[in-house]
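Which chain is which? They are A, B, C and D, in the order written, and residues in each are numbered from 1.
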Amino acid sequence: MRDSIEAPTAFAELVGYRLEVWRPDYAEVTLALEAKHLNRNGGPHGGLLATLIDTACGYAGVYCTVPGNRRRALTLSLTTQFIARAEPGATLTAIGRKVGGGRHVFFSAGEIRDERGRLIARGEGAFRYRRGSEAPEGEPAR
Amino acid sequence: MRDSIEAPTAFAELVGYRLEVWRPDYAEVTLALEAKHLNRNGGPHGGLLATLIDTACGYAGVYCTVPGNRRRALTLSLTTQFIARAEPGATLTAIGRKVGGGRHVFFSAGEIRDERGRLIARGEGAFRYRRGSEAPEGEPAR
Amino acid sequence: MRDSIEAPTAFAELVGYRLEVWRPDYAEVTLALEAKHLNRNGGPHGGLLATLIDTACGYAGVYCTVPGNRRRALTLSLTTQFIARAEPGATLTAIGRKVGGGRHVFFSAGEIRDERGRLIARGEGAFRYRRGSEAPEGEPAR
Amino acid sequence: MRDSIEAPTAFAELVGYRLEVWRPDYAEVTLALEAKHLNRNGGPHGGLLATLIDTACGYAGVYCTVPGNRRRALTLSLTTQFIARAEPGATLTAIGRKVGGGRHVFFSAGEIRDERGRLIARGEGAFRYRRGSEAPEGEPAR
């Protein structure tokens, strides 16, 4: 639900992606691919795609069940596979799903598709909850 | 040598990193860490660090020995480990080294340190040369 | 179909896993987890799980449509996430799915579950076809 | 020092590798590459190389300063790049170095070379200390 979606981070504003869907263990992040995102080959920069994977995978693990509270996590490791080329003008959607973990660490899997459903990239992340963020209730945002 | 360093890509201009050193099998990319690069925890976004690793690792494999010519490659896979937190105001340097490969694929290892030499992140990439970019001489830029 | 499943490799015989299902873009590999597979903590060795991911992901890309022919590929990069602990006595099934790629390189995603369906590990691989193995028909086995 | 090197695990005995050097933040594991380690292409199985990386990287983080005590850790994530082919008869040495981390999680980087010094594979791992194993002194082995 849109009500639960928090304000964009500084890097999200710089790059232009947006958290669109956020539920327990699930997050969707979208980006309209523009000229500013391109690398020297005219395709989306690999780091841009890794950014979307990291963001969707991270949010998938820190959904907070108490309105106004917050959960925080740090990425420990991130992998990305670059499967197909997206074209400028495409709308990219990165889906992150928490796939496991325990009280302190969680794992997510992510994939990026374009608006036609073509698989553009995949990846995985391992994350660690910050102290106070282990429980689904989170803690009051500071 | 500075003469051999090409113009920044669109994504480099957006994010603010810069190719500083470029030699055969080696590249350095620097970034001044600013507020615009931060995530919801106040640290550099994981995707930013992955971007620097990808960029340094990729450039390390496409140095071109013929002035005016160019070599291109695509990232196949990228990994990043997030080892220590960098603070806003830090100057980050990502070093990429080509560590192996053949005519069509190359492998690079990268690391990011701050201006005090602290290891911030590490990573690895596998890349594929685009057709016409396999040889060190590259091909005329289009 | 069982008829299309090739003889086990030397490493498969050593470790004790088995290719059970093989179709275009899909492979399943099974292993009965025994004492010989354990690490110093009494769980399956991380390398064992990486072996199953690599095997299932690799086979998923080299199914050959012509009986008696063969396709070969090399792993370029492999990632594994270790999500839950499997217990000795468990039967592990690794599923590999080819998720994309082109004529020369392919990408697969893999996961390992125990006989109760619990997710034990996940991973991804990038692979390169050996010359002569690019087409689904493969080439005569030597 | 040889005195500090613990008994091989069950999987080490099965596969045939051996912990040869163990110091704080550093470990070396060796393997004589034999026919039993080969994949369907006649090279070392990717899972074998991942096993050596995982083992060397893991040991690098759990060296224990108190004789008779022990430290334990779990692999969270592991990556491997396959850089050059090793030939049967080669002696492989995997070196793992702990490169960072904190009280609960550590990161290691690993590489495998043959007896001529050729780089065969590289990789990285993130690990979590088991409870009681955070301090260098470890805890009494059970």
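What to note about this one:
Everything below uses one rule, namely that a contact is a pair of C-beta atoms (placed from the backbone, for glycine too) under 8 Å apart; a residue touches a chain by one contact, two chains touch by 3 or more.
Keep in mind it's a predicted model, so treat the numbers as computed, not measured.
Put simply, the chain farthest from chain A by mean CA position is D. Counting C-beta pairs in contact, the pair that comes out ahead of the other among B-D and C-D is C-D. Spacing of chain B relative to chain D, judged by their CA centroids, is 28 angstrom. For this pair, chain A with chain D, the centres built from the Cα atoms lie 32 Å apart. In terms of their C-alpha centroids, the spacing between chain C and chain D amounts to 22 Å. Multi-chain contact residues, meaning those touching two or more other chains, occur in chain B at positions 76-77, 79, 81, 124, 126. Remark: chain B residues 79, 81, 83-84, 99-101, 107, 109, 119, 122-124, 126 touch chain D in the complex.
By the touch criterion given at the top, residues 6, 9-11, 13-15, 35-41, 43, 45-48, 50-55, 58, 72, 74-82, 125, 130 of chain A touch chain B in their complex. If you check the complex, the residues on chain C that touch chain B are 76-77, 79, 104-105, 107, 124, 126, 128.
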